[in-house]
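The same chain A turns up in both complexes below, where it pairs with chain B and then with chain C.
For the complex of A and B:
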């Protein structure tokens, strides 16, 4: 359910806390995990669930809302949740989104070995060289 | 029942007729077999620490001391007493007794072990040297010497680091490994690397005021050959991996934004 929107033509908020909202945990034990809001407990806390964690409460301050929303009843059974997530293709949507892609790149960079970092440096130099060559060629053509 | 049967056979005692015929052949074989399996567990299970299940008299019976005694005519068999050896040579009383008792120190039997090698350092690991002349150089680890120091080589042709000893504390171990299968490092130990002692020549009065002539010793050919022998196999293994040669030739340095505690080596 889209939250009740007022008469303004452009709403200030786009992502709402609602049942089925997918959020990213940004603090604590489950840092970096995607979870689904399955119920709202009070002004500050939500009941949160994911396929591989035990359903539990989390403060909203620990959650960063994403654009993804799935269709679930209030506090669904684990199986229902998993089926709904598969139907909405949450994993792929997340990995294709620019936010998700950025996180993947960050993780990959952090896991680089010293040798890997060296190879990346060589590749960057090579790419820079190729770009400069092309640029020089284009400049020459333009001048002519 | 089985045990009493085997005892009976040991003693050759006649026992109630029906049971004799019911002995199976393998059981007989067990009793008669010359090789017996050594008993591993105690016959007296412990109930609580220090208290066994069976009393002394029960244990006497269980161990079969009565059977052994009966077999040897009433008494437990004993070894013959050792023949009296010749009395040890007479020791003369000492001429001098010291006034105070001097305590003899206990002999030190401690044998120092080489330093425990970090689990991340295995033969063939690429290490980053953190101090000294070759600071920042990436180097191949060969083996740990008996003194605990690490034997390391550049290889010399790639980055100028010769066969050298290095302390484990001044080294970062990366997770890159080089294949050491063709390399033989058995001949290197700590004695190979010790400096040779300078012979002190006596100086006359005139020569005393002259500055010491520094003799720069050239590296003996044997050491150069050793270096080549180790490096030839190593370089082949290194060239098999793309970019590894360039990697080993470059020095490591921290750049802006690199946090060593967050870097993965």
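For the complex of A and C:
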């Protein structure tokens, strides 16, 4: 699509819809799943695949593009896709990225039971106490 | 594969055998309808126009739904149709890119309704075919025939993931970039 425009000027877009782009599903039945864009059907839809779902079409409105891109041919076999995902280490990259980590924390927080929340409360109090001690120490040094 | 409004059926029928005509010719049609009952009705509608046979002196021998052979493969579909506009009948050829023929036909019905205000009952599908990429005629389908296709999503409205989280008012302006 952009082949006939010559060298592209600096674009404000960093994440492109392209074959091999990893995206997060943000709506619908597959909510929260990482999928790979395997082909583009038309302006609004992509053919999307993940190791444990049947390859299917998805509207771009349901996808949030991530920074991760893997190297695959146009519509790869499931095995090729899985190998490419292993090679690019998508799972680890995602879990280390700040976006991925935030989602993990959100999930953990949502799955706490009452005892866990009690423990979190105690931990927060302890942390607050330690911070205030440090602050008091620094204040005293400054005043002195 | 989703729920399709239009299903493709194969209907096979013939006139009833009479003393003069022991083995009447059997005719087969592939058509689109929302359900089987409608498919049979459409079959008689078309057959009446082509041969001297009506539902009252004919019989449907078989009706089967036709499913997509490879629903994970993207194909270019060409649809030839005849539709009735406010001023007369016209023929049209339209191209769609989709994974299934039912999906393409549904796109066609939606597009005809929106672009030409033609409703479902005024459209007759003459023919459908999968077109190899080289023979596609419309620029809007040809622009996706690029193995290194790459484009940014320019307008990114983030929806609440389920309707329960939908709010009429928002505290801050949503960020539509990315």
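Here is the rule we go by: the second predicted complex is superposed on the first by the 134 of 144 C-alpha atoms of A that agree within 3 Å, B and C clash if a C-alpha of one lies under 4 Å from a C-alpha of the other, contacts with A are read in each partner's own complex, and residues count from 1 in each chain.
We adopt the following convention: contacts are C-beta pairs under 8 Å (C-beta built on N, C-alpha and C of every residue); 3 or more make two chains touch, one makes a residue touch a chain.
None of the values given here were measured: they were computed from a predicted structure.
Asks: Sticking to the clash and touch definitions up top, decide whether chain B and chain C on chain A clash or fit.
Replies: The answer is fit.
Asks: After the superposition on A, what does A:81 contact: first (chain B), second (chain C), both or neither?
Replies: In the superposed model, A:81 contacts neither chain B nor chain C.
Asks: For A:122, decide between first (touching chain B), second (touching chain C), both and neither.
Replies: first
Asks: Residues of chain A touched: more by chain B or chain C?
Replies: The partner making contact with more of chain A's residues is C.
Asks: Should A:54 be classified as contacting the first partner (chain B), the second (chain C), both, or neither?
Replies: second
Asks: In the overlay, answer first, second, both or neither for which of chain B and chain C A:114 touches.
Replies: first
Asks: Let me test your reading of the model: by the given contact rule, A:40 touches which partner, first (chain B), second (chain C), both or neither?
Replies: second
Asks: When the two complexes are placed on top of each other via chain A, what is the minimal CA separation of chain B and chain C in Å?
Replies: 12 Å.
Asks: Can you tell me which positions in chain A touch chain C when the two form their complex?
Replies: It is residues 1-3, 11-19, 26-27, 31, 39-42, 47, 54-57, 60-61, 64-65, 74-75 of chain A that touch chain C.
Asks: Applying the document's contact rule, which stretches of chain A touch chain B when the two form their complex?
Replies: Spelled out, the residues of chain A in touch with chain B are 110-115, 118-119, 122.
Asks: Once bound in the complex, which stretches of chain B touch chain A?
Replies: 126, 128, 138, 174-176, 243-244, 246-247, 250, 252, 262-265
Asks: Please output the residues of chain C touching chain A within their complex, sorted ascending.
Replies: Within the complex, chain C touches chain A at residues 1, 72-74, 97-99, 140-141, 143-144, 146-154, 156-159, 161-162, 177-178.
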